[in-house]
Structure formats: C-alpha cells, structure tokens
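First chain written, first letter: the chains are A, B, C and D, and each begins at residue 1.
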Amino acid sequence: MEYKVKDLALAPQGNAKISWAEQNMPVLMLLRKRHSALKPLKGVRVGAVLHVTKETAVLMKAFVDAGAEVVLAGSNPLSTQDDIAAALVEYGVHVYAWRGQSSSEYYWCLEKIIEWRPQIVLDDGADLHALIHEKHLDLAEQIIGGTEETTTGVIRLKALEREGLLKYPVIAVNNAYTKHMFDNRYGTGQSTFDGILRATNILIAGKIVVVAGYGWVGKGIAMRARGLGARRVIVTEVNPIRALEAIYDGFEVMPMSEAAEIGDIFITATGNKAVIRREHFEKMKNGAILANAGHFNVEVWIPDLEELARSKRHMLPYVTEYELRDGRKIYLLAEGRLVNLVAAEGHPSEVMDMSFANQFLASLYLVDNKGKLPLRVMNPPLELDEMVASLKLESMSVRIDSMTREQEEYVKSWRHGT
Amino acid sequence: MEYKVKDLALAPQGNAKISWAEQNMPVLMLLRKRHSALKPLKGVRVGAVLHVTKETAVLMKAFVDAGAEVVLAGSNPLSTQDDIAAALVEYGVHVYAWRGQSSSEYYWCLEKIIEWRPQIVLDDGADLHALIHEKHLDLAEQIIGGTEETTTGVIRLKALEREGLLKYPVIAVNNAYTKHMFDNRYGTGQSTFDGILRATNILIAGKIVVVAGYGWVGKGIAMRARGLGARRVIVTEVNPIRALEAIYDGFEVMPMSEAAEIGDIFITATGNKAVIRREHFEKMKNGAILANAGHFNVEVWIPDLEELARSKRHMLPYVTEYELRDGRKIYLLAEGRLVNLVAAEGHPSEVMDMSFANQFLASLYLVDNKGKLPLRVMNPPLELDEMVASLKLESMSVRIDSMTREQEEYVKSWRHGT
Amino acid sequence: MEYKVKDLALAPQGNAKISWAEQNMPVLMLLRKRHSALKPLKGVRVGAVLHVTKETAVLMKAFVDAGAEVVLAGSNPLSTQDDIAAALVEYGVHVYAWRGQSSSEYYWCLEKIIEWRPQIVLDDGADLHALIHEKHLDLAEQIIGGTEETTTGVIRLKALEREGLLKYPVIAVNNAYTKHMFDNRYGTGQSTFDGILRATNILIAGKIVVVAGYGWVGKGIAMRARGLGARRVIVTEVNPIRALEAIYDGFEVMPMSEAAEIGDIFITATGNKAVIRREHFEKMKNGAILANAGHFNVEVWIPDLEELARSKRHMLPYVTEYELRDGRKIYLLAEGRLVNLVAAEGHPSEVMDMSFANQFLASLYLVDNKGKLPLRVMNPPLELDEMVASLKLESMSVRIDSMTREQEEYVKSWRHGT
Amino acid sequence: MEYKVKDLALAPQGNAKISWAEQNMPVLMLLRKRHSALKPLKGVRVGAVLHVTKETAVLMKAFVDAGAEVVLAGSNPLSTQDDIAAALVEYGVHVYAWRGQSSSEYYWCLEKIIEWRPQIVLDDGADLHALIHEKHLDLAEQIIGGTEETTTGVIRLKALEREGLLKYPVIAVNNAYTKHMFDNRYGTGQSTFDGILRATNILIAGKIVVVAGYGWVGKGIAMRARGLGARRVIVTEVNPIRALEAIYDGFEVMPMSEAAEIGDIFITATGNKAVIRREHFEKMKNGAILANAGHFNVEVWIPDLEELARSKRHMLPYVTEYELRDGRKIYLLAEGRLVNLVAAEGHPSEVMDMSFANQFLASLYLVDNKGKLPLRVMNPPLELDEMVASLKLESMSVRIDSMTREQEEYVKSWRHGT
C-alpha cells in the first residue's frame, strides 16, 4: 500500500485518540454503522484534503467501511497529527501527510491524490479543487463531484463558478446549517482560545481582546472572549450591518487603527489578507499578542512584522517574539496560522461530528445523483441537514415538539386576523 | 379634518413623548429632514396600520413632512397610546385609533382607511392587506405598493403570493437586516421583560423561564432571560436545527409538555397557535405566569384556560388570575396579547428608528419605481439596508474599517493557496 | 385610629397588590403564619420608617398578626404607594405617609412615630435613629432595640457607636447574608433598570453604561447592564481592590472624569455625595441620562446641574431635561432619587421576602433578648440567616446536600496530607 | 549546592518559560526590583512548598534577589515542571522536586526542607506546616513565621490554632483579597477548563456541567462553564446561603445524587472528601467525565470507582477510562488530582502575580515584625493588599477616582438626612 507519513509506529497512540473521538461523534458513528453493511461507496475513489486529526480519522474510517478507496492529504502544512496519520494507514487509507511540511511538500501530497484519480473530492480551503482546475482539467471529467468544508473555499469555488470554469458539481458542506452555524461559531470560538491558552497560558479575564471580523467565526470568538471575562471585547468590521450587530450584541466596534493602540490580544477571522499590517503594528502596545483564526496565514501580515522587527525569537513552542526597533515586543502565535489547529487540536469532536456527517451524506448524495447535478456550487439539501440535527439531538437525549395538525394548518394559512 | 381618537386634549402630553422619541431616533430624523424640502411624496395617500406609539408618530410626521396625506389606524385593539393619537391629529394625520377597541371597532377603523383609497399601504400583521385582498379588490389597482412590518404578516402575504392572488408589490420591511435582526431580537427581547416587570414586578433571577420558539424573537427573549439571571432558560421548538442552536447557545431544550411542569414564567414567540394549551395548563405549577410575545393572542390558548378555571380575577392592571378547579392559580399577562405593547411601551425608540427608516425608504422606493415592480413580496434592496446601518453607526459615533484595494481584490479572486 | 394617608378609598387597589406580594413572599408568609397564633409581640409598639410598598405591607401585617402595635412612616418623600398606605390603615397600622411629601412633611411623619414611643425601631437609612439620638434621647431608654435595612444607615449608626453615643442595640439587618448579598445585588440590579426603562423606554443594548461604585449594588447594576446588552459597561471606584474586581469581572474601569465624556447612561451607587458634579456635567455628551441607585439624592449633585442649565423641563413623568448653556441636554431621572423606587416599584417581592424575613426575625430576637444585648450595631445571628436561606430554597423546591459524618470529621480535622 | 531534580539540562527551556512569566507578572517584578538592592532578607532561610511552575520561579527569584537562602519542594507529586526546577537550581535555589513522585518521595522532599531549618515557611496546602507540628516541634522555635496559600491549608492551620498547638505566626495569604478573590475565582475558573480541554478536547457548549461547591473556586468554574456555553450549569452545595447565591447567580442547584444522573462533566471544588462516591458513580451516564479542582485528590472517591470497575485503561495522557460492570464508561481526568495543574499549567501568571506579591510582602512583614506577632493565623494587613491592587491597576494603565475632601468627610459623618 502506498502512503507517506512520519512514523507508522505511532499508530497505537493514534488509535487511542481515534477511539476517544468515536465516543464524541455519535452522529457520524451511527451513519458509519448504518452504511457499513451495504457498502454504497464500493469501488468509489475518494480523495480528501483535510486536517489530519482524530475526527477526520473517524470520517475516513466511515468512507472505508462504506466501501470507498480513500486517499488523504493534510490541508495545512502544520496541522497533521502524525499518530493519526499512522493509524489511518493501518486502517487502509492512503495517507500523504506529516506535520511540518514545506510548501512544496504540501503540493507534492496534493499531486499524489491527483495521481489516484479521485472521483469524489473532499476539500478544506479549495486548494485541491483549484489545483485540478488549474493544472489537471483532464481529471475533472471523471470526477463525480466534490465537497468543500470552509467559507474561504466556497468563496474561491463560487468565483470559479461565476467565471463558468467549474467542471464538476460541488456541495458547499460549509453551508449546511448544522455545519457553519455550529462548527465556525462554537467550534472555532472555543478552540481558538484553547489554542491561545495552550500557547501562552495567559489569563483572559481583564484583557482587551480585539476580534477582526464578525462573521460566524468572529461571533464565536467574541462570545467566548466575553465568556472568559475579557474586560473589553472590540470588534472590527468592514460591513456596517455586521458592525451594528456586534454593537447590539454588546461589543465595541472601532477601526483597527484605533483598536491597535489599546488591544492586548488580537484575533483575526475575516477571510481577508493584511487585516493587521504595518500601520497597526506601529501603534501596538508592548506585549501585544497576535493570533489568527482565519483559514490562511495572511490575515496578520507577517512580511510587515518581519520588516519592522530588529530581532525575533521563539519564546515558547507556539510563541514568536518580535522585538521592534523601538523596543516594543509583539508576540505572534502559531506563525500566523490557524491557532486552534496548530497550538491546540482543532475543533472538538462534537462539532466535527456534524460537519463530517454532512460531508459523508453529501458524498453519498453525489454518488446517488451522479450525472444529474448541475456544474454548480450547491447548498446541501435541507433534509440531510435536518437529519443531522435530529440525530444530534437524539444523541443528547433531547426531545423536541412537533406541530399538531391544527398548527400545521395555521402556519400555512393566511386568513386569520387580530 | 376627519379622525376618531379618544381625546384631543391629550395632545400636549403626546407631543412631549414624541419629542423624547425624536431624540432617540436619529436615523429617521435625518431622513425626515432630508426629504422635507423636496416633498417627494407630495399628493401620495399613505394608509398605515401600525401600533400608535410615539415612534410611529415620528414616522407619520416624516411622511407628512415629505408631502404625503396620511391615514392611520392602530394595529392592535389594546396598543394605542391615546395621547399620541391626539398629537398626530394635531399634526394633520387622519387617525382612527383608541385604546381598548372591540374587534368590530378595530375593523371599522381599517375600513376608514380603505375609504381614503390609500396608494401606499403600510401594515403590521397584514390585516389591512388581507382585508383589501378579501373585500376590496377594486382598491388594489390604484395601490402603488405596500410594506409589511412583521414576520407573521410576511408569512400571510407569501401565502397570497403563492396562490397568485397578490395584487400589488409589497416590500417585506421585516426582512431588512436592520429590521428583523435588531427589532425582533434586541427590541422585543428587552421590551418583553419590560412588559412582564411592569405587569408583575417579579424578580427574574432565580426563576425558570420557558421560551416557546427560537426564531429572532425567541432568541432575544432567551438571551435577556439569561441576562436577567434566570436559573434555567428552557426553549421549546419544532425545528431540529433551531433546537440544536438553542442548546449550543447555552439553553435547555425540551418539549412543552415537560417544560410545563417546571416553568415559573412562560413566554410564547412562535407565530403559531395553541402553543400552550389544555394539556400544558394541566401540568403547571401553582403560580405559573404566562406571557405572549408573538403577534396574535392565540399562542396561549385562552379558551382552554377559561374552560379549566373555576374563577378568574384581575389582580393587577395586566395580570389576570385563573384559579383552576384543583386550586392551582395561573396568571395570564395582558390577556395573552403582546405583553411588550400592552403592559409596556413596545419597542424602544432606538430599534423602531431602524425599522421605520426602512419603512420610509421602502415607501420612497415604491413611489420611485411605480409600475415597474413585480407583484411579489420583495426583500428591501440591500443598499437601503446598509444605508440605515451606516447612519445608525454614525449616530453612535462609531467608525468602521473599509477594505484596502488589495483586500477588495483578494476577496474577489480565487487563485491563492496555503 | 390615627393616621395620615392620601385617600382611604384606595385600599381595595392596595389590597390586590398586597395579595400579589403575598404570593411572592413565601418565607415571610410562613413566618407570619407561624407566629400569628402565639402572638410573641403582643403589646410591643413597633415604629417603622420604610418605603411604603406592597412588600412592606406584608411585613407590617406580619407584625400586626404577631400582636404588635405598628406605626409606619415612609422612608422617602417620593416612594410611598398611596393605595398600599390606605390598605394598611384598614389593617390597623397607624400610617403616616403619602407620595410627594415636602421635606418638612417627611420629618413631621417621623415625629408622629416618636409620639407613639416605639419600643422597636425599624429604619431604612437611619433617619429615625438619628432623629431619636439628636432630639429625643429621652425616648431611647425605653427602646428595646432597633434594626437598620441599608448600608448607608449602618454606616451612620456605626459612626454613632464609635462615638459612644448609641443608646440601644441595633441589628444591622442589612448585614444578613440573605439580605445584602441578594437585595442589593439582584433586587436593586434589576429594579434600577426597571425604573430606567419605565422612565425612558430606551434600549440598553448598544449603550455605554457608567456605574459609579462597585459595592453590592454597583455589582448588581453592572451585571444587569451587561445582561441587557450594553456595549460598554464602565465602573468608577475609589477602592483599588474593588476596581480590580470589576476589571476581572469583565468591566472597564476609569475615573469619572474620563467616563463622563463617553457615557450614555450614568448610574450612581456609591453611598457618597457629588459623585457626578460640575466637572463631569461639563464634559457629558448631548443626551446623557443620569440615574441614582444610592440611598440619598446627593450622588448626582443637582445644585451644580441647576447652575449650569439655562432651562429645565419635565419631558416625561420621571425625566427632567436640563438644557445647558452650550445647548447640550442632560436628562435627570426621578430628580436624582432612587430610580427603582420612584420610577418603578422598588425591589421585587422575592428579595424583600428575605430582607423582611430577616427584619421580622431580628425584631423577635431583640424582644427575646431584651436587656441582654450590648449597645452595639450587631450583625444578625448566623442561624437566623441560614433559616431564611433554607426556607427560601424550600419555597423553590430546591434541595441541597448535607455532609456525611465522614465529611464533617474531615473538614474539622487537619491531620491529612497529599 | 544540594538539590534533587529530574535533569539540569532542561534549564534553558525553563528559563524561556520563566522569561514569559516575568512579562506577565508586573507587580512581582516591580517588588523584586525594588528589594534587590537593599536585600532585606539577607541571611534568612526560606523554605517553600509550592507547585514548581514558572510563576513560582519568579517568586523564588525575588526571594533570592532579596538576599534569602531558598529551599523549594513541590506541593503536589504530579505538578512539578521539571524544566523550571532545573532553571531554579541554576539560579541558586535548593530544589527538591520532580514530576511523578511517589508519596514517600514527596515526604522525603519535605524532610529535606526541614533539614535546612527554614525560618520562613511558605506552604500550599499546609503539609509542611503539619509535618513540622507533628514531627519537628524542635524546629518551630526558630521559625519566624509562615504563610499559607490555600483555603484548605488555612482550614487545617485554624484547626491547629483552635487546639492551641500553633507554634509560629502564620499569615493566611489566601485571605488577601487580591489573592482569594482573584486567584481562586478567575485563575482556577479558567485553568480548570484549560486543563479539561487539554486533557479531552471536548466541546463545552451543549454540555451539562456539574460543579460541586460554590466557594470562590466553584464560583469561578460555574462562571466559566456558563461563559463557554454549557447548556446547564448545576451547582451542588451543603450551605444554604451559598446554594441560594448560586441560584440567584443563574445556576441550578440540586443534590449530587440527582445531578449524578444527568451531568456530562463533573468538577469538584469543595475542599471536602468523597464528594462524588459510589452512590453517585452508580447513577452516572455512560461517558461521564470527572475532574477535580480542589486541593487534594480525595473529592472524587477513587477507591469506590476502582471497586466498581471491571477494567481501566489510559485513553489519553490525562484521561483514565473506568469501565463499570454494567458496561458504562466513566472518565477520570488527571487521576483525580488538580486538573488545572496536572493537565494544564496551573494558574495563569497574571493571577499568580498577585498571590505571590502577597506572599513576598507577607514574608517581609514577618521578618520586619519578628517576635512581635501572636501565634495566630492572621489575615494579611489591608495596606499590603491595597498596595498589590494599586500596582496591578497601574500595570494595566487603569486609573481610578479618589475621594474629594468633602466626600471623605461625608462618608465619615452620620448627620445628614433625606
């Protein structure tokens, strides 16, 4: 079997972690069990670019159990858990992933997936989708469809679609309610602080926290900053409606140029680049801490920081100290990459449970509807979304109401008055 | 001038209240000022069914100043502020509204509007839209368009649209982000408790609060219940995705049949009927308090309560005590009508500022696009929405970021990778 | 029977309100019932200066039922509920209280109590205790003891005690845990905003709220400001430890001179005078709102405001507009008196339940220990405090753990290690 | 130089960590600097039993710089950071500590301190104080005084004092406001969840969290559980006043026997033993997670768990799975020891800054007042406490108000009225 991982001997440790994830992913485990007998993906080649974590492992095992042949690469050069990678190889997945890749190694892994000629393409950030559309259009024809996990990836794919270049249908798993309303907000909200705490062990209470962006991720981070006792939670935005929502949610809003002067901790979650840049570094307080929760490591603009610094040292495993020329010290976490993935373990299993249940159901849906779907970036069908939610509630022993017949009629009708 | 109100002598008191509202509605005041010179609505007949409050008065005055002829009826038999009604008559508005109408008086007022042959129809709950479509189709042809303020009203109008019966374009002002994301959540969230406190003066801290429905209104109420210190905040829902969102937002979810046994305060916000009914009353604790925040007084099913009770008395102005046959006492607030409007003063001016700025801009838009719009229930144009948000931020002295040129290009492009 | 109230005909309305309070004061009702048979206060003259509200009425009725002869005056010229006063007269209490007294009328009422030669003196702010010690020392000798409800009053009495002037034992009911940890924090916290909302109907979400003082009252107000969605909650303090606690609780701290420039709503809760004064008024934004939650109307220094203003008008019943010479308008609520008592109904019954259960138990304790207590300001005995808490929990159907025998031994012992 | 640590080669890594702590401990750094010139502790032998963390290192270095001879042992067999221990040896501290000691090794280290005949005894849990009083009374005479860091330790020492056995004055540093109101609440509150997340990576949102004990530590944990989105936060208590406070703070209260059936995560913070025991394990849900935040590993009663289990395995570094005979699995974190110290890094530097500033000032105070202090467990003098708070505020650039002369007079006086 072909693969490239750090060390197969790490598999037992990986298996223990995966076993813990399985405990915390009841929805995916149920779906996995349900489809392991009939093997609806028998013979289908699945190529996945995902963060190689214990949760991804549970998804990969579900694909294997459903009959698929699976090839996996990591979606971030720093996020692979080597023991998980080893355990997956043992389970029969072709893994090309190890922690600490160079950029060229990262693309080499993507090319390995392409060599396997995947029919279903699972992506997280759309690097693989982009690579196929840029360099391997020949491959596109035999692809049944793809899925995309992130907001950033969906934006990139929509751009492709707008230009008429999209070559296979893609389900924007990110757009499932049970994905983006939960994963980004509650998952990233918590794990971003988990990453910051593991990296720094600072106290959030009493701090001034600046959150750039008030999308789902920013909302989650601002909420947890408040919940951990931050003295001020400041949001920066470019969209006036979101800015106003942040204010009514009880947060302050100001431009980054003002926030830069007062913040203790800065967290970017915009999906945009150079959100914190030279003009902001120049104003920051000594001791300011910078972390990124957006997909790419471009939100904190490191080239500017490198230029401004007279020296740089690694203080702690995920803390880099930049000493500026005027003596101020600024601390960058996880080299500006996703702090929750690099310094902590990414999303908790519980949210990945829903995201990946959507991934799995979306893949089945693509196969079931092979050849019938338009070359579009589609939202996942609502009934799959509600199925995921219902299974999740069930796993929590939570029951909900259902409408009476009179109520169903009432909401349909319009002929009633005051 | 024709009108029917309680007592014109109340006008000075009404004017003082309106003057206070004007202080707290900076966006609408700016728009009013901006359009009072050119009078873009000169000669247009505007018929409005809205809660007759000081905030509505500011909107009505904006229409008058913009040149319109305005006819106003109250949108709820119990919600009219008589002093405001008097003040508006003085300002030249044809008002047909007084507090404590019977149902037939309410419809008589609506018919008075119809007699005026309005060209723009502003509604809050779609009773006037429904009446026109049911009994006055002849009127429909000369109507330029309508607006609708509430979720409930939009649902009713969409049903009309689906059946192909809608006779003029309607802008669902409710769907403006600067309306529904703010008005329902922050406005109703706060004012529902304001109503409950004015009616009862109970302490929320330590109480078990049950919120039926987790739409925008329910979200706002649950959030404020927590913020006021409720010991448990329990949400009931029929939609699994919303139920799950409530859980992840830190609330409990259970069926009403279980919640009924433990709740101290029940607040309905579903838009549906009989959400609390016989089977629930039968299980409630002695002393349970019931309030409604939904549009119609059907969410707490009063006929069941009347049947179960052996006696009934008015304890306090907005508190009715039902003594059940087994001796338990249940307290219904505001006779099951909107507790924030009946027992308090409805939305604070600040949220109505945005809702009504949207109403005003939507009306101008309808007139500007007379004859060009489809017979549909439309969302308000996004640029109007963003204008409202930007003006609001400005009024709070809040500045936000704008994207650099590089950032604008970045978010448009898809050709960048890890 | 002697008394002086506004209008006895208001008694039925007062009785309905009292009946509602009785529903929400389970602890006091239980104690009242328990002592109405044996009448342990038979023949004791009780003189009380308390806010004449429905909750006070329940306490007064408990004293009457326990056999006491009761004389009552209001503890604030603006806080008396006239219908309650009437109902109490009907129940046999000698009431000297009406809403809207002049200062001299207020002191006349206190003198009426003194004429009755009370043996137990219940006070709220220590005005009656002070009057006795200043002008009626002859009366002091026959006084069994007193109680004091407020922090402010306890401070005044402690000053008397320090100077060796205290003439009878006083139980600082305010110092009962079940009083000050609940009444000030949860009661005043909620009712201060209740008062502000009834007075102004503004939206708290999005506002910048400044709280002067971070004692129990200030803590409660800051907590509720946050819970109602304020965008910034700023605390001012003179004590560094409290200031630091405010910061770690997630609030901002700054001097009033800075806060004055940015606040939308200012709420004083310091127990001190001139906390907001000329230097602050001069910096405030147009539209700033001022409210007081401290005992006396000296925290917002009105003489300075009067001097700075070129005009003044009553906008709404509890809102006075001061127009300063530079055109800025500042709004003072409830004439700087306790906003929760003047504009709303004071503490909710639920917290007064515990305060007044402590008052009642303290009075019984004074009588039981007549002549045995030192001339000191004493804390209430802990066992009474715990009795109140346990009865309250019981009324909420909440059960708690009790220690096993091993655990009791464990916490007593010191001979165990790591 | 004598010492016993794991590996001196770890010193550089330890020094980097200490350097990070120094950045976050501005108060202690200022005091250290201030006393390094005069060396007021010259020749004083300081024996300390503290968790060997980077923050303790900053304190130890302050003592060394002030002239003391310092001997240090770890206060918990599992909490020592070996790299810190090495770095301290390099700085001249006699360290006897390494991670993963047996109980006998732990006591061997304490005996090593005793061999050094310390004059100042710093303790964290009172094991060393107890050992001296039990076995080394001869040593007591030359001891100038001691300090104690924890609630648990203070309880043990108070028991000694009550029995008349205390042989030297002890300052209960734990009782400094700037210690116990901050360290226990904000420090342990955050770091307990930090430990749980590092150990398990679970999502707190949506979980039912049970907190045993509502002292300062329990308050902090309950607050953070809420802030991280727990669906229900349930408190168990034996004290009715604390139980009531928990309820009014917005939490549920019930006996552990009820909570056991519904909790997902249990966290003990009582200072008592066997708070969770056989009767509770028997009712728990499959998958329940147990963590301890109290000083000793006796709160979760492990002997009962061992007896009930049919097997046991280490799932993750700090997660032990107990499989009960009926198949349910229960997960114990950090072997029931302090989860924040074992699975994470203990308190953040920022809170230890204040605790240890108090430790340092208390030690100076003991030396300055040698021979003058009674054989009592004393609270730290208020002026030291306020000094710590003021320095902390200064380090955050926070300024506070000071009273005007009129205000100072006002608060002292009692002769003012309504």
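Note that in this section a residue touches a chain if its C-beta (ideal position, glycine included) is under 8 Å from a C-beta of that chain, and two chains touch if they have at least 3 such contacts.
Owing to the predicted nature of the structure, the values given are computational and were not obtained by experimental measurement.
Taking each chain's centre as the mean of its C-alpha atoms, the one that lies farthest from the centre of chain B is D.
Two chain pairs, B-D and B-C, are weighed by contacting C-beta pairs, with B-C ahead. Averaging Cα coordinates per chain places chain B and chain C 36 Å apart. Distance between chain B and chain D, defined via averaged C-alpha coordinates, is recorded as 52 Å.
Across the assembly, chain A contributes residues 186, 205-206, 226, 229, 247-248, 396 that each touch 2 or more other chains. Of all the residues in chain D, the ones that touch chain A in their complex are 16-17, 19-20, 23-24, 186-187, 189-190, 194, 197-198, 200-206, 223-224, 226-229, 287, 315-316, 319, 329, 344-345, 347-351, 396.
Interface residues of chain A, counted against chain C in their complex, comprise 205-206, 226, 229-232, 247-252.
Those residues of chain B that touch chain A in the complex are listed here as 75-77, 103, 106, 125-127, 130, 134, 155-157, 159-160, 177-178, 181-182, 185-186, 236-241, 243-245, 247-248, 253-256, 258, 271-275, 296, 298, 385-386, 389-390, 392-393, 396, 398-404, 406-407, 410-418.
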